[in-house]
Every structure is written in C-alpha cells, then in structure tokens.
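After this come two complexes, each holding chain A, first together with chain B and then together with chain C.
On to the complex of A and B.
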C-alpha cells in the first residue's frame, strides 16, 4: 500500500464527518432565507464552535477508552466563573481568562486523578464530580447574571476583515496550540495506546498513566475554553442544569459522528469538531424548514440514537462470536 | 470502619455478620451515624413518625434503584432513568384522561412505556453491542424528545388517578405506608430472583465474565435484554408512584433520581464492574441517601451545597471500597 492509502484509512472517520458537515451545511444555507452570507456563517459558527470545544474535550477522554460525563458541567462552571472574573481593564480581563482556564484544567485534573490514581470507573466518577462542579456553578450564580468584558467578547465573536468568523479562527488556534502538539507528543501517543490496549501499552513501557492524566486535564481546559466562549456570546453566566446535561450528551453525539471510537484508541479531535458542526447544523435544519421548535429535542435524540447505532455495523465483520463480548 | 468486625473478634460474631460485606456494614454504620447527627439537630429526628416518613420517601428511590442494581450487576449502567421515570409518570397520567378504561389501565400503561424504553436499551446493548452508557443516554434523549412533543414543553395538566395516589400515599395496613409495602414486595421479589432462580445466577455470571457465561450455554443476550426491560419498567413504576405522591407528573421530575439511584447501588457495595453485590446493600444505600437528603434539607442546605456534598460523598465512599484492583 502507498502512504496516502494508509493516511486515507486512518482519516476515514474524519473525512466522513467533514463530508456530512459539508452536505448538511449546503442544505442549510441553500434553504436559509438569507442564503450563504457572512452573517449566516458567523451565527452558525458561533453556535457550532461552543459544541466543537466541548466535543474536543470529550474526544481526548474517549481516546483513552474513558468517558467524561462532567464536560457539560465544567462548561457551565467556567461560564459562571467567567461572568465574575472576565471583566474590567485589560490586565484584569487577562487575569480572569487565565483563572477561568486554570479552573477548567484543575477540574479535568481532578477527574483524571480520581480515575487514574483512585482507580475508579470514569462513568461514576465523572457523574459525581459533575454534580460537584454543577453545585459550585450554582453557588457562583444562583440566578443568571453577571457580565463580561464586551470589547473582548465582541472581538472574539465578530468577524475578521468582515468575512472570517473570529470564533473559527480561535478554534483553529486552539487546535494548533492544544490538539496538534498533544497528539504528536509522547503523552498523546500514550493516551492512544492506553485506549487501544492498556495492557499491551503498559507492557511496552508506555507512560499510560501520565498520558491518560494529560488527556483528562486537557479535556477540562478545552471545556473551559468552551465555557469562556459561552460567556462571550451570552454576556452572562447561568448554571442551567439541563443545558449542561445537553452539552455532555451532544459532545458524545459529536464524537461518534466524528468517527472517534467509543472503545478508545481511534479517532481525532478534528473529526469531532466536524462532528460537532454537523450535529449543530442538523439540529438547525429544523428551523430553516419551519418545523415547530418543540420537535428539536426529539430530532436531536433520534440523530444521536442513529449515530451510536451505526457502530453496530462492525458486528457484521466479526467472524468469531466470542468477540462480541470484548 | 469495618476493621474491628473482620478482626479478632469476628469469630465470636453471629454468622450473618461474619458473612456480611464490609461495604454493607459501612453503609449501615453511616446510617447510624447520620441518625445520630440528625438527632443532634432536631429532637423529632428519631421519632417513629419522622422515620416512617423517611422510609416512605426512600421507597420511591428504592423501587428505581432496584432496576438500576439489576443493570449494574450485569456490569452495565442505565442512564435513561430520568426520562423513564418522567415518561412513566406522564403516560400514566395521560392514560387517566381517557375515561374509565384509561383510569384502570393508567398504571400498567405507565410501566409499559418504561419497559419499551428498556427494551430499546436492551436491544442496543445486548444485540447491537453498543456501550450501555451511550445507548441509554441516547434513548433518554429520545424519550425526552417524545415527552416534550407530547406535553408541548409544559408540565402536563392531567392528574394522577386515585389508584396511583392510594399506592403512593395510602395506608392499606394501619401505620405502614403503601409505598413502603410496595418497596418491600419488589425487594423481596428481587432477592428471590437474584438468589433462588437461574436468571439471578446468570445475572451475576454475566457481570463477572459474559464470555464465560455465553460459553456455558446461556443466552446471555436475552438475559441482558430482560434486565434492561425490567430496569426501565421499575423506573417507570417509580415515576408512577412519584406522580401519585405529587398527584401529577412534571417535566424533569426524574432528573433528581439518576445520581441517587446509582449512588445508592454503589454505596451499598455493588461493584460498578458487575457481578458482585447484594440487595441488602442497595437497601442500605437507599436509606443512607434518603437520610442524607433529609438531613441536608433539615439543615436548610441550598441545592448547590447538596449537589457538592452528594458528589463528594459518592467519590469518597467509592475511594474507600469501590476501587478496581491495581492492574498488573
């Protein structure tokens, strides 16, 4: 096989997600009353980027064969925190942003420490820590409110040179600064190896614990970037339980659509980003086709159900029935 | 906390204590501790009326946690509890609006809706081999979507039938709330199934190693399907009881039951990896959680503080005795 065919096989999930996104976005814009204008793209990307950050966070953990059901709550917590801290002069704002991102990193690190060094199951651990993070968010913002440095918010949610949505540029920057170095580092390799086969990775002397810990911690950081952006869009902080749960759920849907294997070891955050953008676009299709918004939760749930059921096609390739029970 | 019991004096302890799981004993010790702390706060905390009231409140969680336990024993998890509960409650109330036949069929219909959700979960997990936490999250979202479409986004106006209210709040035997009797019956059935039937042994077997169970000739997929259907049905029945208690169904009434039901099962010493655990432990876990909730509300702890304490207590208890063995 040629090199490019290996590359194609490796990136199949990502390319498929990219394809789904392009098709859906074309349908969306061609039926949108305003058509394919900079405004429509800006609104769509602002909404999509929020889920994209949370989905990236989920990807990092899913790659290690874990799951983080607290991403939505970290997202809420950092949103509430940002509505207190990211205000005032330039220096204060910068300090606030660093503090918010640091909080996200800390939340992720706590998850990682409990799962890896405490040897607890990721599902139960992150449900429990998610409750704690939600509680803290509710302490910070018992009622929706707060404010944010609006110059910064408008700059990051507006358009560069009047054309390119700034949020997409930030997303690209985060991919280049966080995801690319991580996935190419020893720690990133270790995270993939741990998800693929933890025992084999351990036997080969791969630093699986550090790799997994880095994945969980960075997941917290990415969720915090998402929370920061939510604050930039809404100018407020709100501890809405349903919204946190929805983001956790949608992040899993986005990850699956993006070709990341829930059994770990396979997929990339780039795929998850396109998965997230595709999922958002599909959800918004209802609006351009003038459906009752009441149908949206059902529609998104059905898409999620179909997306997770697609993985079942792998069963047809199983020759030995015992492989069902891995 | 359980060290002295399993130590030197263990030989002189009655057999049932020696055989007991340290986790279950820890849970019961925590219950005693909570009762003690509660009695410091308020004199009436130890009065029979108050304790009976707590038991009644616990029985709703107990019914839901019974289903959750069955699934956790298989090494799976059911995250569709919130909207199974709500769907059971809403559909039972909805059926009540259709004349006398509807009123008669309200409770079975509510349970049937939960079983239907459970069957979708079971097919996904057992036959399509989708990880249970994923498929149950997805069916939860679909159930939510269906209920939102049905109710128009508001809490439904239909109210619970008389039978539902009687089940949840009545007293068939003087002094003993019906809800407690129902929990006791369901609990007894669960203990019988788990310890005295082939199905129960199979559940433990699958939880330990599904491959081995399959190789010994058991149709493991059917057992998993039945367990998920039972879990959905029990969640919905819990919802029916809750609707009877509040005399109507509400949006997101089930959200408050996901974490507590998992916590009750896990705090009761059932391994989250499956294959190990006793129903007695789940009973202890349910009572423990209910008392904790009650004390927090007596202390007028706001919702935020309660969430934080829940999370911390669950992680702390799990770190005490729920850890996976060190790999290698």
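On to the complex of A and C.
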C-alpha cells in the first residue's frame, strides 16, 4: 500500500467530520438570505470557535482514555476572571490575558495531578473540580457584569483584510502553537499510547504519567482560550451554570463527531474542531429553514446518534464475543 | 562453556508470590554470541526468571552481574538501559499507533523537541529490515496487523533498542512456519553479531536448531545446564519431570463402556488459527482432561462450547443431537445445561464488590423468580445448600465476595453454577492460585458431580491434577488434539512428551510401566486405576 492510503486511513475520522461540516455549511449559506458573505462567515466563525476550543480541550483528555467534565466550568471561570483582568492599558491587558491563560493551565494541571497521582477516575475527579471551578466563578461574578478591553475584543472577533474572520485565524494559530507540537512530541505520543494500551506503554518504558499530565494541563489552557473568547464576544463575565454544562456535553459530542475514540488512543483535535463547527451548524440550519428553535436539541441529538453509529460497525467483525467487553 | 567470560550472570535468585514459590535459588549465566535455551514445563519458573532479568519483577533475594559488576533493575526501562531487552509472551505493542511509532516508542528521535518523523521512519525501516520483515509498512497501524506480523514488529522494536542481551519468551508461538524460518535466520545473524540471546520455547525442534546452550528449570530451580545436542529428547523430558506431589485425589471408578450417546461431543471444530479440527466426546459421569502447554487452544475450545466464539466451523452435539449454542445464555439453558468455570474469576466469574449472596444467585435467577420477582425464600434455601455442600467459609452472605480468600471465591464461582444443576461442566484451570486444602475439596467435588452423572471437561495447567482427576486426557498442541491418553496411560511422562509434541512411543511405554508404582506409593487414595 502507498503512504497516502495509510495517511487517509489515519485521518478518516477528521476527514469525515470535515465533510459533514462542509456539506452542512454549504446548505446553510446557500439557504441564508444573505448568502455566502464575509458577514455570515464571521458570525458563524465567532459562534463556532468557542465550542471548537472547548472541544480541543476535551480531545486531549479523551485521547488518554479519560474524560474531562470540568472543561465547561474552566471555560466559565476564565470568562469571569477575564471580565475583571483583561482591561485597561495594553500592558495591563496583556498581563490579564497571561493570568487568565495561566489559571486555565493551573485548573487543568490540578485535574491531571488528581487523576494521575491520586489515582482517581477522571469522571469523578472532574465532576468535583468542575464544581469547585464553578464555585470560584460564581464568587467572582455573582451577577453578570464586568468589562473587557474592547479594542482587543473587537480586533479578535472582527475580520482581517475585510474578509477573513480573526477568530478563525486565532483558532489556526492555537492549532499550530499548541496542538501540532503536542501531537508530535514525546509527551503527546505518550498520551496516545497510554490511551490505547496503558500496559503496553508501561512495558515499553513510555513516560505515561508525564504524557497524561501534559494532556490534562493543556486541556485547561485550551478551555481558558475559549473562556477568553467568550469574554471578547460578550464584553462581560457571567457564571451561567447551564451554559457551562452545555459546553461540557457539547464538547464530548463534538469530539465523537470528529472521530476521536472515547476509548482513547485515537483521533485528532482537528477532527474535534470540525466536529464542533458541524455541531454548531446544526442549530444554524434550523434557523435558515425557519424551524422552531424548540426542535434544536432533538435535531442535534439525532445527528449525533447517526454519527456515533457509524463508529460502531467494527463490532460486527468481532469473532470472540468476549472482545466486546474489552 | 569453553572458558568464555559470561556477559550476564544471576545467582541465588528467589521469588515468592504469597505462598507460591516461583523461583528458588535459581542461577543462570549468559555468554555473548550464543543462543541459550530455557526449558521447563508450565509453572517451572521460566517466566518469573526472565521478568526478573527484564526489571519487571524484583527478586526477593539473589544477585545479578552484568560485565562482572552487580546490577539491579528498578523498572523495564532500567533493564533496557543496561542493554537487556525482552520480548514478552504478551505483546507490548500499542494497538492504535503505527508500526514506526511502536518501534521507536521507548526513545523516539527528536528534532527541535518534536519527534522527527523522517528519522523515525528510517529507524523503523532499518529495524524491520533487520527483522526480515521489510514488507511491513511502517505507517500501518499495529491493530490492523495479524498476530504473526505483530510478533515480528515486536522483534523489530527490540532490535531498534540495540540490545546486548535479547530475551525471547515464546516469541514464535503465533508464527507460521515461513515466518519462523525467517526469524531463525535473523536470530542466527544476531548471534554472529555478538548478541547474547535467551530463547524460551517449548518446541523441541526449534531448540535443537537454534540453541548453543540449554538450561532446564523445574519447580523454580535450574536442574541442569548442558551444551545443546548432548542430550536426547527423552533425557530432557526426564529432567523436566519430577514435580513434588502434594495432592490427594479421590479414587477413579472403573468405567463400563459407554452405551448412551455422549452428552457433549465436538466434530471437526475449527476457529480462526486457534482451533484446528478438534473432535472429542465427553460421556455422562466422565471427567475428560485437556492437557498440553498453556495457550494451545484449550481456553478457546471451552469458549467455543460455551457459545462465545463467532465464525466457528464444525459441529457441536448435545446428547447426540446437533446443537447451536449462540451465547452463554443459550449454553446454560436447561436443554443444554452447560456451565463454565472461568479461568479469571476476578473478571469473568465474580462481581467482586457485590455480596456473596448476589454472586451466588446470579446464574440461577431465572429459576428462582416468578414473573421477574425473585423468590427470596427459595433463593435462601438454595444458597444454604450450596454453602454447606462446598463448605464456603464466609463471615456472612452479605459481605462483598472480594473479601473472601481466593479458594473461597473460587468455591462461590462453582457454587453459582451448581445452583443450576448443570449436566455439562467446563472448567478452565479452576485451581490456579488457590490453596491445597481447597484444591482437594474441588477434586472430591468434581468426582462427586461426575458420579451423579455430569459430563466434565477439565482444563488444567497442572499435570498432576490431570493425572489424578481424569478418566481420559486430550493433549492439545497448536490448537489440535495431538494425543488421547486413557486410564493408566495418563502419566506425567506421557503428558509432557505429547505436550512438547515429541513422537516417542517407546517413551510412553516406559512411562506406563513406571508411573503406577510411584502413584501407588505417593497417592494411596488412587488405587483404583493401578
């Protein structure tokens, strides 16, 4: 077989998510009253990147065969923190951004430390830490409010050269600066190996713990970038519990749509990004076809079910039924 | 050893697991540029020995010398660092990663802090070529490769670490003859390059072809070291024999020739490359053993009967009539009445956090309930019967089953199935890791159930048990029945010889003449078959 076939097989999940997104987005823009214009793309992009960042965060943890139910809450906490800190002069704003991102990184690192060194299950750990992060967010912003450096916010949510959505450029930059180095580093490979077969990885002398820790910590960082962007869009901070939970659950949906295996060891954050964008487009589709917004959750659920079923076909090939349970 | 200085030496190595002695003052020395074969039957201590060498298990006592200076290994990585690389029986490849990723996994080439994929590709291609498998694509995912190819990748991965001592533990067990020939070429070349190879195999022909030096293990001790080719196969078997007998077995009844159709029969059963044309029958009241070295298809055979395997070819007959067993639920159905006592009671037999009571009644709930409601009184009666029958020692029925001792846990697994009064009982190495007292109770129970008319198929890795418990023993090798031993033919010598697939009629005859006498002396309760 040729190299490109292996590449294709490896990227199948990502390409499938990309395909689903392109089809849906094409249907969306061709039915939109304004059509495929810079404005429509910018709005869609600004809505999409929020979930995309959170889904990237989720991907890192899911690759290690874990799950992070606190990503939505880190997203809220950093939003509330940004509404206090990312203000004032250029220097002050820069300091604020660093502090917000550092907080996200710390939140992720705490998750990782508890899961890896405390040997607790990721699901329990992150439910608990998620509640703590939400609690802090609520103390920071008991009521919606605050502000943000509007020059920065407008620049990052606007358009470059009048056509390219700036938020999309930032997303690309984050992929290049965070995801690509991680996925190609020894730690990234350790995270994949630990997710696929922790025992085999251990027997091969792979730095499992450091790999998993890096995945959890970077997940916190990515969720914080999402939180920062939420502040740029809304100009405020709000500890909205329902919204935090929705982002957590949607991030899992996006990850699955993007071809990342919940059993670990397989998938890419780029797939998850397209999963997130596709998931967001479902809502928009309903809008252009004049459906009642009440239909949205049901519709999203059906799409998700179909996408997930595609991944289950492999089970039909199993010849020893005990392998179903491995 | 013609005066060569050993590259690696271990002395007085002992290791115990609980009460079980895996290694007892074992010693071994390995020279550069030679292939050293390790022989021994199941449980002789071979696996523990190499785990100690590879840094997976820390010995209780003893010392290891590398290049004349003492070493200890805290982890597999430390052993690798010292140049000792082991290819384990259980593969250590990460399934979702590519072949190239796996080959360099311990120490990937880096550039600017990231993994250098071009260099990785080059290393992988070189290693694959050295392992004689240049046809494996470095980008293929390991999980998509068949088992035999994975084993070659495993060897390539070991070579990429530039070992001085390479340990192969049953490394050819999943390979086809063509692959084995290739691997042998590779191993011989590595020997000429000055590597020390430690080769563990139960295939005598492989050892004859490869080894320079052989060491035989028995009961955790090394009983002999000799230059390859200086002993005949029979002499080697002689060395491997000699387990310490410690069990008392119930007498075997004299069986009348069967008149009715066998309760359980298989005709030409095959499944993937693990089961090969197996035919067997088990009559009512009969205990039939499955022998052979571990992993020759015994487990798969039991799973095949129990409806776990898909794509099975051949026929299964119950009471002489063809039966389709589609799932464990169908197998335990009253028309078939089959029970499987699994090998790993912790995952397949028990739900450890649940109570003894719940575990006991799981398999029989449908019998104990009416319209979906459990009849508590009936449940209690049956449970009391079982606890009494098997003498299960527990502080109470409502404590987690995980709190019981291993032997009592195993009794719970068995009791759970006996509650259904099965007619066919499959046992998959049921006495592994349990104490001698409980073992004896289980032997008595097995015979009692057979006397009550059950058909029992009993796989054990302990030859002693097969000799003591079984009316007949089928010895499996490479997924096929190699030999059937009946009554007094079931001797340790015959079991080992056929497990190693040595064709030696003369040996079997000698064994027959000798063993009953020893059996009489050491196991007086076994008079019936002598």
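The rule is short, and it goes like this: the second predicted complex is superposed on the first by the 318 of 326 C-alpha atoms of A that agree within 3 Å, B and C clash if a C-alpha of one lies under 4 Å from a C-alpha of the other, contacts with A are read in each partner's own complex, and residues count from 1 in each chain.
In this section, contacts are C-beta pairs under 8 Å (C-beta built on N, C-alpha and C of every residue); 3 or more make two chains touch, one makes a residue touch a chain.
Keep in mind that this is a model prediction, so the values were computed, not measured.
*Asks:* Between chain B and chain C, positioned on chain A by superposition, is the outcome a clash or a fit?
*Replies:* These partners clash in the superposed model.
*Asks:* Give the label of whichever partner, chain B or chain C, reaches more residues of chain A.
*Replies:* B
*Asks:* Looking at the overlay, what does A:195 touch: chain B (first), chain C (second), both, or neither?
*Replies:* The answer is second: A:195 touches chain C but not chain B.
*Asks:* Should A:322 be classified as contacting the first partner (chain B), the second (chain C), both, or neither?
*Replies:* It touches chain B and chain C both.
*Asks:* Under the stated touch criterion, which partner chain does A:300 make contact with: chain B (first), chain C (second), both, or neither?
*Replies:* A:300: touches chain B, not chain C.
*Asks:* For A:205, using the defined touch cut-off, is the partner it touches chain B, chain C, both, or neither? Pick first, second, both or neither.
*Replies:* second
*Asks:* Using the touch definition from the top, say if A:286 reaches chain B (first), chain C (second), both or neither.
*Replies:* A:286: touches no partner chain.
*Asks:* For A:129, decide between first (touching chain B), second (touching chain C), both and neither.
*Replies:* First partner only.
*Asks:* Once the structures are superposed on A, label A:106 by its partner contacts, choosing first (chain B), second (chain C), both or neither.
*Replies:* Neither partner.
*Asks:* Let me test your reading of the model: by the given contact rule, A:249 touches which partner, first (chain B), second (chain C), both or neither?
*Replies:* The answer is first: A:249 touches chain B but not chain C.
*Asks:* Do chain B and chain C land on any of the same chain A residues, and which?
*Replies:* On chain A, the overlap between the chain B and chain C contacts is residues 199, 202, 321-322.
*Asks:* Which of the residues in chain C come into contact with chain A in the complex?
*Replies:* Contact set of chain C toward chain A: 56, 75-77, 80, 88, 91-98, 101-102, 105-106, 108, 110, 113-115, 117, 137, 139-141, 157, 271-272, 300, 303, 307-311, 327, 348.
*Asks:* Mind pulling up the chain B residues that touch chain A in the complex?
*Replies:* 77, 124, 128-131, 133-135, 137-146, 148-149, 152-153, 210-211, 214-215, 220, 252, 255, 258-259, 262-263, 266, 272-273, 302-312, 314-315, 318-319, 322-328
*Asks:* Give the list of chain A residues in touch with chain B in this complex.
*Replies:* Per the touch definition, chain A meets chain B at residues 67, 69, 114, 118-121, 123-125, 127-139, 142, 198-199, 202, 241-242, 245, 249, 252-253, 256, 262-263, 294-302, 304-305, 308-309, 311-312, 315, 321-322, 324-325.
*Asks:* Give the list of chain A residues in touch with chain C in this complex.
*Replies:* Touching chain C: residues 1, 3, 6-7, 9-10, 181, 184-186, 189, 192-193, 195-197, 199-206, 261, 264-266, 318-322 of chain A.
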